[in-house]
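Got a structure for you, questions after.
Lettered A, B and C in written order, each chain numbered from 1.
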Amino acid sequence: MIKLHKSLNGKQLTSITLLTFIGGLGLFAPFIMPNDPFLVDVSKKFLEPSWAYPLGTDHLGRCILSRILLGIRYSLGSALFIQLVATFFAIWIGAIVAFKRGIIDYFFIRICDILLAFPTLVLVFGLLGILGPSLKNLLLALIFTQTVYYSRVLRGLFISVHAKEFIKAAKISGTSGVKLILRHFVPNIKAPMLTIISLDLGKVILEIAGFSFIGLGVQAPTPEWGMMISEGKQYIRLHPELMLYPGIAIIIVVLLFNFISRQSKQVDH
Amino acid sequence: MALLEVTNVEKYYHQRQSFIQKKLEIPVLQQVTFSLQEGECLGVVGQSGSGKSTLARIILGIENPTSGIVRFNNVNLYQASSKEKKGVRRDLQAVFQNSFNSFNPKQTIAEIIEEPLLNFENFSKSERQRKVEELLNCVELENNIANKYPSQLSGGQQQRVNIARAIAIKPKLIVLDEAISSLDMILQKNILQLLQSLQKQLKLSYIFISHDLNVIRFISDRILVMHKGRLVEEINKNDPFKHPASLELYDAILPSHPWDRQKTC
Amino acid sequence: MERKILLQVKDLNVQIGEQEILSSINLTANKGRILGIIGESGSGKSMLCQAIMQSIPAVAKSTGQILFQNTDLSSVTKESLRDYRGRHISMITQNPLVAFDSIQTIEMHFRETLKAHYVLTKKEIRQIAISAMNKVNLPNPEKLLQYYPFQLSGGMLQRVMIALSFAMQPKLYIADEPTTALDTVNQKKILTLFNQIRDETNAAIILVTHDLGVIAELADEVAVMYKGELIEQANVFDFFDAPQHWYTKKLLQSRITF
């Protein structure tokens, strides 16, 4: 179904492979991590990297590598979840608005404009203020902001494809309704949408990390990377590795996502 | 009884200058009435802006007229039930000018041509494939074109594919809107001859729209002249033109030999 | 009638990589005469226009001479070339909307073009612009000057482009399919205009087209392009009455006569 492989270059392919690998690590984390990421043993705090603890231990004696591995689920996994759910809602909203046009469209755009005028930070702050800080609520808030943005984008894509002559030609050939959407809209919207979604994955990961860093997302002791950086900030002078390792993890993943989407030139055969 | 009856069709576009101001009514078509008999080729000629393309869309049933009636095969197009509409759709096809844009760039030629077949017939995959090959041959294209994409074809080939798609389900009427205007001369004549032979073979009727009176006179049995949204003249192919708009179009026909140059003194 | 050679193309070859786009082109444009170049899409006719104007794409390589009044354009300095282009040689393209800057009014276009080659005041430029537009039968030139290109129809915009060229009083016009994008009535107006310009200014005009009708209507001499080669050249009457090459004969057969 996803015929992407024809149009990808080496850089993209490597990035996707690496990300899939990382995703796999996160998926199987409980089986491959060397230690229990939650096990607190103050006598083992700030250990140097060793075979037992490949990246050493943090201020509570917990294995940093195990925490980073499990953290993949919270960062990468949450981001993927957010994007998928947001896209799902956005497709319906965007399609309805794009095809009904008229008053619904008019109000939709105005509301989107208002919401999008706020920086994501402010919107999420507001929502978390109402709902209370937790991972679940952070996910909800981010799903909301992403949905608003994507439904606007999808509306635009639907409208631009709808205006094309081949839609007119397809209608004359007798295609309508769902068939029209599947045969003509989806293939022409797929590529730009995938580009945006993959680019934003990096952004969303940063947002999750950022909000967790300031304590509005994941709560301790969950091993989310932003949270880990936050916990490590008190020890920055003597043990910067507590911040460095999760920080590097974030950088790597976000960079890889950037590599994929920036190179994404749509090859229209 | 006529295959197509257009009665008092009018189309106005509404334009709002701003939220506060009143809507402006811009007339695109006014009081257009004519009919088409089965087997005819009706030419519709006029300058750009005369409303021909809007008329084409209204006849095809893809744009509502502001007022007026379009009856195809005795079905009132804009008040038909969905079953009736499906029947009409089967018999009423189109070929447009900009051939490349009328293709979904993600589809192969075979997929493009078989789309009407998928919508209206219950062929098996192999039957469809055979039918596509048959249609490609009808429009003088090689079978190996079937797996290519529109961007790999020349303008002339694309237009032939357009025609193949239009005749796929054996319609009664095909509306051709400036179908050959963007082609080179030799191609234009080839496609016109193809259209003529298909008309005889498949017992088609055509509405052929163009701004080129020469082409219209070549292919049409009867000619309608449009000027600024109105139908100003309706004649048989060999009759002389009388209306000034028609005469302007007639004068604009380029000579076929330098001897026929008009001397402007 | 004395023929004065204005432009001579000698042995022009244009290659992109291994592919020859133009091979051994030899032709002449004379003052007060219209040379019609006819060919299908892909015959190389647009590349020929670009080669004469010295504006072929960077990847293309050309050899041969383009002699404009005995000066080889391919070997003059960039500054001199600027002088030739626009002032002595004017190019009119197929799609006028693309040739114009969409955020400048017509008057600004005239100002930019004229100021590049002459020293004139704003008032003088206005006068020249209005006079040029009157010459090409554009209605209400004073009002038109304030319009933006997108506000004009294709036909009118094409005439404005010709007026712009005309205001410079070039010696040579190169018109690359100037009427292909227009309907027949507008086409007739533009072709009549070229006739007029040729008669009144004695300029040489090279008119590139794929339409035999345009040739029959306007051309004094005809050259036929086929796959990058100039396969036949003749005066227009010989061309129609006694074609030599098989392709020319095929072209003539494709006329829709009735």
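Following the convention adopted for this analysis, a residue touches a chain if its C-beta (ideal position, glycine included) is under 8 Å from a C-beta of that chain, and two chains touch if they have at least 3 such contacts.
None of these values were measured; they are calculated from a predicted model.
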{"item": "Contact-richer chain pair [A-B vs B-C]", "value": "B-C"}
{"item": "Most centrally placed chain - per-chain CA mean versus overall CA mean", "value": "B"}
{"item": "Separation of chain A from chain C, taking each centre as the mean of its C-alpha atoms, in whole Å", "value": "55"}
{"item": "Between chain A and chain B, centroid-to-centroid distance (C-alpha), Å", "value": "48"}
{"item": "Gap in Å, rounded to a whole number, between the CA centres of chain C and chain B", "value": "33"}
{"item": "Chain A-touching residues of chain B, taken from the complex the two chains share", "value": "60, 62, 86, 89-90, 92-94, 96, 98, 101-107, 115-116, 119-120, 149, 151-152, 165, 169"}
{"item": "Chain C contact footprint on chain B (complex, rising order)", "value": "47-49, 155, 184-186, 188-190, 192, 211-215, 217-218, 248-249, 251-261, 264"}
{"item": "Contact footprint of chain B on chain C as seen in their complex", "value": "40-41, 153-155, 182-188, 191-192, 195-196, 210-214, 216-217, 219, 236-237, 240, 250-251, 254-258"}
{"item": "Chain B-facing residues of chain A, complex", "value": "164-166, 168-175, 179, 183-184, 187-188, 268-269"}
